[in-house]
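Working notes for the structure below.
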C-alpha cells in the first residue's frame, strides 16, 4: 500500500502528511523518485526530514532540521485554507460509496457502538487539499454503502454533489487498499474499481466492499513493489515494523 | 508637557507608546517613579528599553533588548483589541470639544486644504486602550468646536455618546496642553478646564480653544517640572532637542 | 506547582492544558488530580493521555476537543468508556483541529467568533449547534463560524521563562500563544527559569509576554511522557503502555495511585522512574545565534 | 533585481513592498521606477519615502494605506501634492493600521473578509465603502469588517534566505508573513543568501516558506535608507533631508535622476553614497542559540 501511494506523489509537490502508512509512503517517495517532496505536518513542521520514523505527528524528529516551524493557526489558515497543499492523505474506520470518511463514531452519535478519535485535521484536509489519497484495508464493515457519521466530505455528501458544497479541493482521487485501487467516477463521483494487485480478482475486491462495486471496463494491474522499495521500507524506513504488517 | 504626562503613568502599567513627546513622557516616568512601566510600540516591540531616543516608532533601538517582538497582527488583536493596553497616547492636528481627534484632513475629505497622514493605529487605540492621554498645543485652529474629520473617537461622536458606540475603552481622560490640562465632564463628556500651569490664567487657555470652554469651579495648579526631571529630559532623554522645544 | 494550582484552578473552571504532542504539562494535570478538582470543563485539541487520566480521576464534567486518541497507538480508553456509556457520564463538545484553533484565535483577539471555510457536507454541525455560519458582506457567500473559547485558566509548559513570565518556546508551538491570550489566568510551567537578560537577548523567541501570565512554576521534566525539544525526548514506550493500562479500569486506578496520588510532587514522580532521565535526555544540537545589533 | 522585477511586476498590478520601518525594500522600488512601470496600485500600511518616490515618478494610479507620513519628520510631499490636488491625480483608499493588517490576514487565509472591533463613531466608513459590518451569529452584536487584500506581487526584504526562498527575519516582522501568503507572486530580497543548512538549523526563525516565493534576489544594503537589524542602522539623516527634497518637485526630480534613473543598480547607488556603509553598519550583538536536539 505504501509503495502504491508513493507512486502517486510527484517530485516537488507539497504534501500534508499523516502518521503511519502515509508517512511511510511520503518518505519512500522522497528516497526514490521525489527527493524534493515538501512534507508538511499539521503539527507545524514544514519541510521535515525525519531522521527516524515518527511515531506521532508531533515527533521532535519532524522539527529538527526542518525548513520551518509555524503555529497551527498558520498551518490551517496560511497553508491549508490558502490552497497551498497539493496532496492530503486520509484514512478512517469507514469509507463509503462516495469517498466520504468516518473517523468519529460507529453507530449513533449520541450512543455510539464505538467512539473513534474524531476529525483532527481530516475534515479540513478533505475540503482544502487540491486532491486527497485515501488509504484503507478492504473489509465490508470498513467500506459501507454510507458512513455512519460523515467526518470528511468525499464526492457526494448525503445526496449533495461535492461541487454544490463549494469545497475548494477535488476530493479523494484514489482510494488505495490492500488489494486494489478505487477511483471516483468522473461524472457520478461514485467509487469504482480501476486497478487490482497481482493475483487479485474483482470478486475478491467486491467481497471487501459493502455496496455493488462497479468496475472500469479495462482494469489496470498494480505492479508490486520492486526490491529497492522493499529494502527501503523494511530496512531503512520501518525496520521495527511499526506500520508495515 | 512631557513631565505632566509622565505623572499620569502608574508603575507597572502597560502603555501603548507613540513617538515624540509621549515617548519622552514614558521614558521619563520609567527613569523616575515608574521603573516597571511596560512600553509597547505598534511596530511590535514589547517591553522596549531604548538606549537612544527613538526617532521613529520602528527604531531598531526598540527591538534590541526588548522582552518580545511580535507581528502587528498580534499587536492589534492580542494586545490592543484584547484589552491589555492600559494607557494609550494620542495627538493630532485637531482636538474638539468632545475629545475627538482628527489626523486625516483639514477641510473637505475629497478636496482637503491640508492632507494629514491619516489614522495609523490611532483609531483603534482610541477605541481599545482602557484610557487615553491626548497631548496637543493650545491654538484655536487645533481645538475647534468640531473636528473636520473624525479619525479617533472621543466622548461624543457626531452627536452619539461614546457609551452607545460600544467602544471598550474609557476614551481621553485628560488632554495635556502647553498651558493647561483639560478633562472630560463625567456626565456630558465635554472637555473642561481643570488645571493650569503656573502663571497661566483661564482666559489665556480659552484664547487657545475654539469653543466656550467651561472650567471646573476649583482649578488645580500644575506643578512645574523639578530639577531632576529637567535634567533627565535635557541631558539624558533628548539631548539633541529633537522633541523638546 | 501545588500553590499555583490551588490559587488558579477552581472547581467548575474551564481548564486548558495545551501543547500539540510537544510540551504537554502532565505535572500540572497530576497536581489538579491530587487536589481533587471537580466539574472541570477540559478543553484542548488532543485530550491525550493527560486528559484521559483526569477523566478517569473524576475531574471532568465536560470535554471540548477535536481528536481524542492515543497518537500512533490507539484509544484513550477512559474517554471511550465515558463516550460509549460504559463509564461515568462526560459531556462532549467536538470540533475539528481547525475549528479548535479558530476558537482560540477568536478568544485571543477577544472577538465573539472566528470565520473559516470548513464543515460543508459534514455531519459535525448536525451534532454541534455551536458550529454556525455567517454571510460575507462583500461576496455574499456563506462561511462557517465557531464561537470564541476563553478559558478560565490555561497552563502552558515551556522551555524557559523569566520570573515575570516572559516565555520562550521553540520547536512545535501549537496554539499555546492563542490559548494564553484567550485565557483569564495563565500558569507557565518551565524546564528552566532564566534571567530576564536571556529573554531580552533574543526577543523574537518570546511567545507569551509576562503581562499575560499569572504564575510561573519551575518544574523540570514536567512534560513527561510528552517531550520538550532540546531537553528530553517523548516517552513513546509509555504511550504504547497506556493502551493496556487505560483499557483496564483497575490498572488505570493502580497507575494513578502509584504515580499521581502516591507522590507529593514531580520530583517524587521522577524518583519512581529510575533510569528515565538517562533514557530520554536530549542530545545537544544548538543552532547559531543572530545579530540584534544596530 | 532587474530580472525579478521584469518577470513579476507588471503595469496595472497591485504591488506591496511591506516592512514596518524595518526592511523596506527601496532597491526594488527604485528598479520598478527605472523600468517605468505604470498604473500600479501601491499598497502598504505606511507608504514611507519609497512610495512617495514612486508616486513622484508616475508609477502609481492608486494608493492603499493607513498612515502616509515621514516617520518622526513630517510629510510625504509628493503624496500630499497629489492628495491636495496640486499634482497628478492619485486615487486613495484609506484604512487604519489595524484595518490594513486585517486585510492582509484575510488575504493570507484566503477568506473574503476579516472581522475587527473598530471604526465605531469615526468618519472612516463614511469615506471608504469597503469598511462594512457583520452580525455575530452568537451574540448578535455588530462588528466591523474589511475586505481581503490579495496583491499581485509582494516584495519582502529579509536578512537571509536560501536559494529556494525559505526566508528568515528577526527584529520587527510587521505584516510581511501575511502579505507574502496573501500574494499571487512573492519576491524575496535578502542581505545574505545562505545554505539551506543555515535555515534548517533554526526552523522557528523561518517566517516565509520557499513554496510561497517566486524569486530570490540578493541585494546587500537593499533596504537603505530603511534598516536591517543586525546589518545596518536606519539612515535618519536622509529621512530628515527628504522633507526638503520632496517639498520641491524640481529637487525631487533631481534626486530621482541622480540616485534612481542615473544608476543601473544598487551597487552603483551605494557607490554614489561614499561613507554610507561605514556610517550605518550595525555593531555586533549576537544572541545565544537554542538546543533543537531530542
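Note that the chains are named A, B, C and D in the order they appear, and that numbering of residues resets to 1 at the start of each chain.
Heads up, the rule we're going with is that contacts are C-beta pairs under 8 Å (C-beta built on N, C-alpha and C of every residue); 3 or more make two chains touch, one makes a residue touch a chain.
All values reported here derive from a predicted model rather than from experimental measurement.
More contacting C-beta pairs link the chains of A-C than the other of the two pairs B-C and A-C. Measuring from the averaged C-alpha position of chain A to that of chain B gives a distance of 57 Å. Distance from the chain B centre to the chain C centre is 40 Å, each centre being the mean of its Cα atoms. Rounded to whole angstrom, the centroid-to-centroid distance between chain A and chain C, based on C-alpha atoms, equals 28 Å.
Inter-chain centre distance (chain C to chain D, centres taken as mean C-alpha positions): 37 Å. The set of chain D residues that touch two or more partner chains comprises 110-111, 116-117, 141, 170-171, 173, 177, 201, 204, 227, 229, 233-234, 282, 285, 292-294.
Touching of two or more other chains is recorded for residues 45, 60, 63-64, 69-70, 77, 81 of chain A. Contact topology of the protein chains: irregular, matching none of line, ring, star or complete.
All chain pairs that touch, listed by label, are A-C, A-D, B-C, B-D, C-D. Interface of chain D with chain B (complex): residues 20-22, 45-46, 65-69, 71-72, 75, 79-80, 83-85, 94-99, 101-102, 104-105, 116-124, 127, 141, 170-175, 177-178, 227, 229, 233-234, 236, 239, 282, 285. Contact residues of chain A toward chain D in the complex are 14, 38, 45-47, 49, 60-61, 63-70, 74, 77-78, 81-84. Interface residues of chain D, counted against chain C in their complex, comprise 110-113, 115-117, 130, 132-139, 141, 143, 145, 147, 159, 170-171, 173, 198, 201-202, 204-205, 227, 229-234, 282-294. Those residues of chain B that touch chain D in the shared complex are 19-20, 42-45, 55-60, 63-64, 69-73, 76-77, 80-81, 100, 104, 109, 111-124, 127-128, 149-153, 157-158, 160, 162, 165-168, 242. Taken together, the chain D residues at the contact with chain A in this complex read 108-111, 166, 177, 181, 196, 199-201, 203-204, 206, 209-212, 292-294.
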